[in-house]
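Letters A, B, C and D mark the chains in the order given here, with residues in each chain numbered from 1 onward.
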């Protein structure tokens, strides 16, 4: 372990993110080493999960420091997750974002394929209030679904363009792929993750029972 | 920690409610800091969960003392859950109520939207006997569904009016929102929670398979 | 604690049954203090779970000694589960039965209502071999469904009559109520429980997808 | 314990496989003592789980050394799992295979019966990349389904024939029976297990919602 990695061992943010990772894995939302997490470490740096690790068995040295300068990423200590460009994009779009979580639940994956439109509006669920800025179940809460691509830079650019058109409400789906959520703190990001997963889950069950969204 | 909060640390009721909260969270019935719990502390006082806390990570100081005088609530130590008025209403309707639990399961949420009537009768389930006062699966057990509103005082008034018309059987649904259960002890409230969740779950699965309630 | 109860504390069968109870509760198969378990303690005696206990939190003194003489039950230390008569019936029908487990899963409950016939045959599942005496997925494995009743003695008599007509294959359903399984050892009873639950679960999912059994 | 078994107690591969078994059991993928696991111990030997053991409660001495010479198996220390012949077949087909896992999930069992064709192609799921050799969700990933038989040698022969026709992609289904996965390491085998289970699960949910694959 080099000295940079050693310092990270004691980083409370890194420890907290690993702990959240264990909880997320216990929900089966990051199977097969899928998913990735990051936590901001300053204006243009974040710790990002290393590629190929089981996200329920992370230790602080599995979080790699990544710096960005626009679309240019630098990661001196190892290979961060392939989707790091999207994390960096989000951190640049909003300086208040502290944590980004990307998960692969069965529900979110299936929902993103059942809904073929580019967006789905949730309405009538009290749980909508779990998403910051939503104060009533009567306020429609849209979730945007991006088409999946292996070109993460292109996806990051689409997210950037979309960001300035309409609020993303701390979450987005990538079709057939999974959910991204973020927050201004670890606690908020976790709440957004649980909130969006709950809403998606409810809507899928409702669809099974009624045959219509 | 002030001295009142310090005393609460040692309150066995508070400790037991926090422990029940961990169990409820392990069932995924209070996601995204949702839900709220309370335990009576005398004729016109209860401990109520603080707003915004993860209900699976409560410690006794997260339970706030709340007093009531009719619809007037007093909470000197912090902000209790937004739905405290409904807890206080239930404690005033029946002096035997010791514990109130409000949860947000996917099943209860979806069920409350699938059933568009103001009430649903369960019949033919042995589990109906988990609800106090029910002695046979042949005795129809109705569950009342109230419309959701952000005006909790109005909801509390509707519950009060409904209370004197027909028994609520230790539980009620709020549409698109979740389940409230209560009991004359912590153990009974837990049994009512599990019983109602089981019945709702069974009925939803039955509906999926048959297309009719 | 009296001396009889004290001896029971050290009874390895009692300890093992409590441990199995915790595992069964972790599967959510005995919600709301439902279900009951017993373990044979000789020719005409068994330890049976006390009524109203959470079956995931049993300790040996929650198991009550019950003796039988035909349909006559004797239980000097407390009130055993209401369904004790059915346990005693099974122990009398087959001296090799060592353990009886009665559970209330959502799947078994719903399945017992979806299948309106008095019996359902499973075929084509490798898991059928989990039930003692079944050696191939090609051998049809029938599961009998009895109508629910609050008269447990009457139910016990029906089980007795049915026993001599056709094998029950270490399990039976009571409609809208739950599953009974048994075995010649604790391990075998657990295997029969898991096996029957798996088969019922598969068949329900299959029905959801195909609309036919 | 004889000296061979004693040595096995300290075998890190054996310890790791038992640990993976506990994780697999926690997912409910090896109910009722079903399923079996093995880990290669050299060119023509592997440790294979003993028959009839609960796969969530394995200790190293429950793994039996099995040698092969073509279809001829030798197991001096006890009775390995009935399906050992298929494990041995896979180890002989590819010297790089280090671990073979056979599981019985409800999803895989039901999926193998819903899909009546001999093969099903997954497409459009990012999770396809969990399977080694797949680099894009746009690359169709076929899963082969073999008919179930109690003649494991015959099944092993069919797998051998199929192996040379088209890649199996580190997994195969046996109809009404379960899933086999393998990998070049314990970690990879686990990833293939989670990946295939996820894909099967998604496709089943999609089928429930759309009525078509």
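We adopt the following convention: contacts are C-beta pairs under 8 Å (C-beta built on N, C-alpha and C of every residue); 3 or more make two chains touch, one makes a residue touch a chain.
Composition by chain, UniProt nomenclature: A, B, C, D = Methylthioribulose-1-phosphate dehydratase.
None of these values were measured; they are calculated from a predicted model.
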Chains touching both chain B and chain C, listed by label: none
Rotation angle superposing chain A onto its copy chain B by C-alpha atoms, nearest 5 degrees: 90
Computed distance of Cα centres, chain D from chain C, in Å: 32
Centroid spacing, where centroids are CA-atom means, of chain B and chain D in whole angstrom: 45
Numbers and ranges of chain A residues touching at least 2 other chains: 208
Full enumeration of touching chain pairs: A-B, A-D, B-C, C-D
Chain D-touching residues of chain A, taken from the complex the two chains share: 28, 31-34, 54, 104, 106-107, 109-110, 113-114, 148, 150, 174-178, 204, 207-208
Chain D - residues contacting chain A, complex: 27, 124-127, 130, 135-138, 187, 191-192, 194-195, 197-198, 201-202, 205-206, 208-210
